[in-house]
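Here chain A shows up in two complexes: once beside chain B, once beside chain C.
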Partner chain A sequence: MTTLWGYSISETRSIDYDKNDKTFALYLAEKVPSSKLCIGCGSCTATCTAGNLTEFNIRKLQMLVKRGENQEALNNLSKCMLCGKCLLVCPRGVDTRKMILTLIQYLRK
Partner chain B sequence: MNLLGKQQIWKDYQKEIADDKYFYARSCIRQTFFPGSEWAYLDILRNKLQKEVVDDPRHTTCTGIGYHSDVVPIETIMTVVARHFALMTEAGYENMTPSCITSFGIYTEILDTWEHYPEIEEKIRDFLWQATKREFKKPKNLAHTSDIIYKFRQNIADLAVYSLKDVHSGRPLRGVDHIGCHYAKMFPSKGIGGAEFPAVLSGLIEAWGGEPVDYPERRHCCGFGFRNYLVMANRGFSVANSKKKFESMQAYAPDFILTNCPGCGMFLDKWQYTISEMEGITYGPDGYGIPVLTYEELTALLLGYDPWEIGLQMHQVAVEPLLDKMGIRYDPDAKYRNIRGESLGEPACPTYLKVK
Partner chain C sequence: MKVIIIGGGPAGCEAAYRLANEGIQVDLIEKESTTGGHLNNWYQLFPDRKSAQEIGQLLRANLEHPNIRLHLNTEARNLQKTAAGRFSVLLSDQGLLEGDALLLTTGFKLFEAQRKEEYGYGIYNHVITSVELENLFSNHLLQLPEGKNPKRIGFIHCVGSRDEKIGNCHCSKLCCITAVKQAIEVREMLPEAEIFCFYMDMRMFGPGYEEMYREAQEKYNIKFVRGRLSEASETLDKQLVIKVEDTLIGKPLKMTLDLMVLMIGMEASEGSREAVRQLSLNQSPNGFIQSADPHYGTNRSNQKGIFLAGCSTAPMNLTDTLTDARSAACEIAAYLKQISSSK
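Up next, the complex of A and B:
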């Protein structure tokens, strides 16, 4: 079709909360209640070992999960090395390491 | 907030519109894609509202599309616009009324620039003199032609033969108002209702018995964006903007879309065909699209003009479902015939979008 028209319709980048799948986020909130305390300060990302070497961004990851943008979150999960430094710096006491492990666990189900 | 307060605030969102004696500036896109619109507007103003309008054949494009696409320098467009003002001055008129929203935005932008930088105005006056030996006075009043129709909406309602009511059920017809970005988003004080509450089209729909539709993407751009469309590689982005609007408005089952910008009217009409061919999606009921009308066409329909006389057969999306709802009588066999009854040729039928 693109060859006939010379272009195709760009995919929208808007986030539709009514259509996005929230089961991933609800599962995380149930298993790791502290994840709800996150204020998105980004300390976890600033200290992240994997983040220094790859595009892994734990602050962005939890935001994607809460928005229901699951596919992009899943693509990044495996980059975490589970070192736990993020857990040490979190001002809200979010169990970030458990958060990652829970998400991986959900994927394996 | 009491009513007095609301009225006070609303006063700040009004603009001055001249009563009579208009110098008309045609639109490149409107007269190409909706050829009956400008004729209908002139006929309504002259013969229904008894106004004086000059339509000078020497008037040219404002070169706005070239300017916004970075192929026409600002000094060039200013000199072209200065020539338009010179034609207006020579005709003895002071009220400029462009048909195109891009031109309206261009005139507004240039007049504002000259106000802040008088030395640029002097330079342009010199350019115009060197090129054409013409001089000009700046317009006393600048109003888009949809502003003029808005001003006389009640007079038009009094003269109207039809209204925006479904003749079968009596319900008000739901109209989506789509206002061109360059109408008031750049210079909010120059539009009725400003950039926040533009009422130039919804005011028409309400005055003529219809119901304006408020939907999430109401103020989103149609996607024209000049280079977005002109460069083929960007065209997918252009159509995506219209698609976003159609998806948003579809849930409210609008009976028609009303536009005051020629570009928006063209794209909201023709992209419905493109989207249907590319993805098999149509946005109206039963495989039809959502009819798109210019404000001149809607005014003419209400005043009893023949749909084919005002060029509605040039639309990609069939307007017949709307005509049926409004109870407008038309001859289906005359759709693709000229006034002498000769065949104009018929377009091929689209794969998905119903046009008959």
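Up next, the complex of A and C:
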């Protein structure tokens, strides 16, 4: 947007669930049913190698996908190193590694 | 020896039956035309989905005992401790009962949802309470007033609980698991709908509860969003719009709903409050009657001979209410034995 007067309108940060595209979320739920079991505890993020070095937050990333906030999720997806430590610590048995792989796969299609 | 029980909900019924079995005479006072209290408004129980009416009938059938005198459609008007350490209860039909001990099973009151005005209950079309949803389940019908099936349903946890602005800092304890149960029931009626629960914490305290929550997520595809509803509004075409923060993402979220279910909490009943006034009982800051000791004296009050059971002391699920009632019966039987031997 050109800012003739040096001002611009801020984009809303708010999640507009009705407008968001949920096909990515539906694909994830179908391919990795265990992803529905997340209780948001954050143990995956705490143990994450990538998360300790970058902004990567796997817990938040999958939640963004579930709400249809795809762009922000995609921006971070490549930071995962697929080490699978998150999978070991998840108390609900979410297949977190497969979740990331599935999301990457979807993007490649 | 005789015990007067005030309140014919599950706690009162169970305690009456257990006392009667010990050979103790019981007068059970109930203001409504039938026993069962709030249980009568329930369709299925968590976590096993047992019929609430089945339990209600069992409790009612137990009252047909020669040692129990049931006073229906009767209110306890005036409660007094006599000089001899006994109790007299003046009834709304002018009858006067006397007993050696008093048991208060005065239950709870449901939070009045319209007090939480920003949620729009009584103002917008598609806002109902958890109790109204139970009634819809009983009638096996879940439709909007326009005759359509709702496509997106939201359950709002903690309505009237954990909210100091409306004067309730306590957790009502069983709304979380009720929401999980009801969400599953809605899913069975509406396989295509999108169902959300908006919660602050999921307090799955009972056996089988966490398992039910897990099943709700995995098998029934119920979505859980951590965030308290801040406000609901209605568009010109009567569409509900809600605003919460998705606190695990850290962004405000808005969405439309076709039906919003308010999980209303529990407050001290009028009966409990009146008993506190008339009998100089200790009261917890949240309005419920305070037990003599939180660990070892849960059924005793600060007054000798006055006992408590069920939701007169705190929000409680049915399982705990019935257990508490049996515990109170045991405590009362011991008390009566003690006073009769000291005479």
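In this section, the second predicted complex is superposed on the first by the 106 of 109 C-alpha atoms of A that agree within 3 Å, B and C clash if a C-alpha of one lies under 4 Å from a C-alpha of the other, contacts with A are read in each partner's own complex, and residues count from 1 in each chain.
Keep this in mind: a contact is a pair of C-beta atoms (placed from the backbone, for glycine too) under 8 Å apart; a residue touches a chain by one contact, two chains touch by 3 or more.
Only a predicted model underlies this, so the values are computations on that prediction, with no experimental measurement involved.
Q: Could you tell me if A:Pro91 is touching chain B, chain C, both of them or neither one (first, second, both, neither)?
A: After superposition on chain A, A:Pro91 lies in contact with neither partner.
Q: Would you check which partner chain A:Ser14 touches, where first means chain B only, second means chain C only, and both and neither mean what they say?
A: A:Ser14 sits against chain B and chain C alike.
Q: Between chain B and chain C, which makes contact with more of the residues in chain A?
A: Tallying touched residues of chain A, the top partner is C.
Q: Let me test your reading of the model: by the given contact rule, A:Arg59 touches which partner, first (chain B), second (chain C), both or neither?
A: second
Q: Touch check for A:Pro33: first (chain B), second (chain C), both, or neither?
A: So A:Pro33 only meets chain C here.
Q: When the two structures are overlaid on chain A, which partner does A:Glu69 contact: first (chain B), second (chain C), both, or neither?
A: Touch partner of A:Glu69: chain C, not chain B.
Q: Which parts of chain A are touched by chain B and by chain C alike?
A: The overlap between the chain B and chain C interfaces on chain A comprises residues 14.
Q: Which part of chain B faces chain A closely enough to touch in the complex?
A: By the definition above, chain B touches chain A via 232-237, 239-240, 243-244, 274-275, 278-279.
Q: For a test of understanding, state which residues of chain A touch chain B in their complex under the given definition.
A: 1, 5-12, 14
Q: Can you list the residues on chain A that touch chain C in the complex?
A: Its residues touching chain C are 13-18, 29, 33-34, 36-37, 39-40, 59-60, 63-64, 66-67, 69, 92.
Q: Could you list, by residue number, the parts of chain C that touch chain A in their complex?
A: Residues in contact with chain A: 202, 214, 217-218, 221, 223-224, 226, 246, 248-256.
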